[in-house]
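Down below are the structures I want you to see.
What follows is chain A paired twice: with chain B in the first complex and chain C in the second.
Let's look at the complex of A and B:
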């Protein structure tokens, strides 16, 4: 099975990637003694990374017992970071709402290991966290039956 | 007596014709049945508004640390842009805005200056595996560095419904 093996090196990063530098007066002529000189080559690798965020998760109606894990983890898939740099990911949620009746909403929060999720820091590829959706019991009681959809926007910061 | 008749087989041309016709019917029915099982965008009433002029990504990739997931896409890959280089005083720029292959959604990119919330560029929808290579900014920027966000909104390939998205904090390096 074909693995999902395509990650991005931004062309702009790659375009500024290599910056070869050569010393002045690197010429060896018949009169040169010794007939050798040093050249300095500098290669700069621009940082680049890929973060995978959970896509979509179905939440059972009236689920109040255990939080519902998001389908898929939040993880740093590929990374080439500068030393002492990290990727910080936080999230903002859009409450579940009935598209036919936008006034009907079900608020929810994200949790990590049972506690409210605020942000996570990644420093190397492969690191991941499992997030879950928490909905208060009372939230279910205030809205009629229907199809509710919400979303999460993840803020990804390189620092 | 023919060789076939000697071996107990009597194959006449009509038998061959019947067999071929039957095979064609069976194959056609199977294909049509299979097509009907797959939900189509037309059935969902969703038609993507695709970005024109995209191209397939063919560059080098970073080592993949994605765990085995039996082939089912359970996440959305978001490419990172620590900084984006733009030409000074020009609206046209070469920037690679990629929707990684295998994603279950279209990407719409919006480049925004965070200090003023000014939108510099908005794309149409980009398919997985495709990238935008040339963009036209709403206005040219003088040289300098600008705090910005690349806001990525997503829409399901199946029915266009909104999926989770991402805001990639970046710096515009305008030279």
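Let's look at the complex of A and C:
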């Protein structure tokens, strides 16, 4: 049993051991002329990015102004994009609904600079947009009392 | 030695493992919440010369259920009438009926502003105002009636009867309360005329009282909408005896006047007419005598 355990452990260690990598086969000897050689170094950087989405936001009752801004911005951080590539972020909303009375809903839209938001394209790190929730005045007037919850789902595509 | 080697190998494996770490909300979703209140507040910011009732209860701030349609009653003080009612700055005076205004479904906090003006003066005698209070045709007992200008209060009897003495002509309000809650309201003018009848003028009830009588007998109906509606009016005739009837000021007393007097044209049946006829007769007699003498001289 001990032998078996030792064998398994040895195999595991061998598997995680780093194997030395040798250069291809360019050698310079005394007979080489010229005594120089080229080595091609390939450095591949995989595209990477971080998109920060707004945090959970509570909308004050009956508000239609600046206090409907989502907490935080939609932002592209630490991006290393390939040339002519971009990050497209789109959003889909689920209407606010009263969990106790699902038939009671408050429709809303997302807005950016006063216009309806559907998607945004980022090409470099640091770009951001401030989104806000727009609830129609008539919706506020007619909706019954209750605690409502909805969501915004962001879809991120690298193109 | 083997044990030590095994332990080292085990430690190496433990530290060599990679544990996956996930982002906080890897579903890319932001939660949106809001709370819609179940009540709203109606605040009386300004009520010069008036009292405000909401669903029959007096006050200066009222809490009402969201999307309810509360009934407001604006009762002007003595000698005043409602001139303007603003709800959140919007003028709704035209929608006030009989002192009542039913708010549309309340969806936010509201502020009321009320303005009143002096009621048009009416001059005349003082009369008895009595009658019965009914609801759906049946008399209602135990209802407290408040008559203003000068506050007079009485409680209806078992047959719904009530009586107010010495009620001056002019603008009045009558409020009916049951258990402290307003259940009926009427603003009206009491005005003299040659007969007793009911009318409506400028949205206000007008009760014309026959000045040959000592008062008016009314049948008042408590409506479901909070109005106190006069259905019938009849004259309380003066008693045959020369004594001053109870409840009526002797006719020698000049009518109470609160502001500048107004002119009044004598009408048919007025006491001024016989005197005028007497003067005319005297003038005619003098003229006849003068002409007769002239004729005699000739």
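In this section, the second predicted complex is superposed on the first by the 128 of 159 C-alpha atoms of A that agree within 3 Å, B and C clash if a C-alpha of one lies under 4 Å from a C-alpha of the other, contacts with A are read in each partner's own complex, and residues count from 1 in each chain.
Keep this in mind: a residue touches a chain if its C-beta (ideal position, glycine included) is under 8 Å from a C-beta of that chain, and two chains touch if they have at least 3 such contacts.
Everything numeric in this text was worked out from a predicted model, so none of it was measured.
**Q** Can A:125 be said to touch chain B (first), chain C (second), both, or neither?
**A** Only chain B is touched by A:125; chain C is not.
**Q** Quick one: classify A:151 as touching chain B (first), chain C (second), both or neither.
**A** So A:151 meets both chain B and chain C here.
**Q** So in the superposed three-chain picture, is A:77 touching just chain B, just chain C, both, or none of them (first/second/both/neither)?
**A** first
**Q** So in the superposed three-chain picture, is A:55 touching just chain B, just chain C, both, or none of them (first/second/both/neither)?
**A** both
**Q** According to the stated criteria, A:108 is in contact with first (chain B), second (chain C), both, or neither; which is it?
**A** After superposition on chain A, A:108 lies in contact with chain C alone.
**Q** Taking the contacts chain A makes with chain B in one complex and with chain C in the other, which residues are shared?
**A** Chain A residues touching both partners: 2, 5-6, 9-10, 12-13, 16, 53-56, 149, 151-156.
**Q** Quick one: in the complex, what on chain C touches chain A?
**A** By the definition above, chain C touches chain A via 2, 5-6, 9-10, 12-13, 16, 25, 27-39, 66-67, 105, 107-108.
**Q** Please give the residue numbers of chain A that touch chain B in the complex, ascending.
**A** Residue list for chain A touching chain B: 1-16, 46-56, 71-73, 75-80, 87, 125-126, 149, 151-158.
**Q** What residues of chain A sit close enough to touch chain C in their complex?
**A** Residue positions touching the partner: 2, 5-6, 9-10, 12-13, 16, 53-62, 70, 93, 96, 106, 108, 133, 135, 140-156.
**Q** Of all residues in chain B, which touch chain A in the complex?
**A** 57, 59-66, 70-71, 73-85, 94-96, 98, 100-102, 104-105, 129, 133, 156, 161-170
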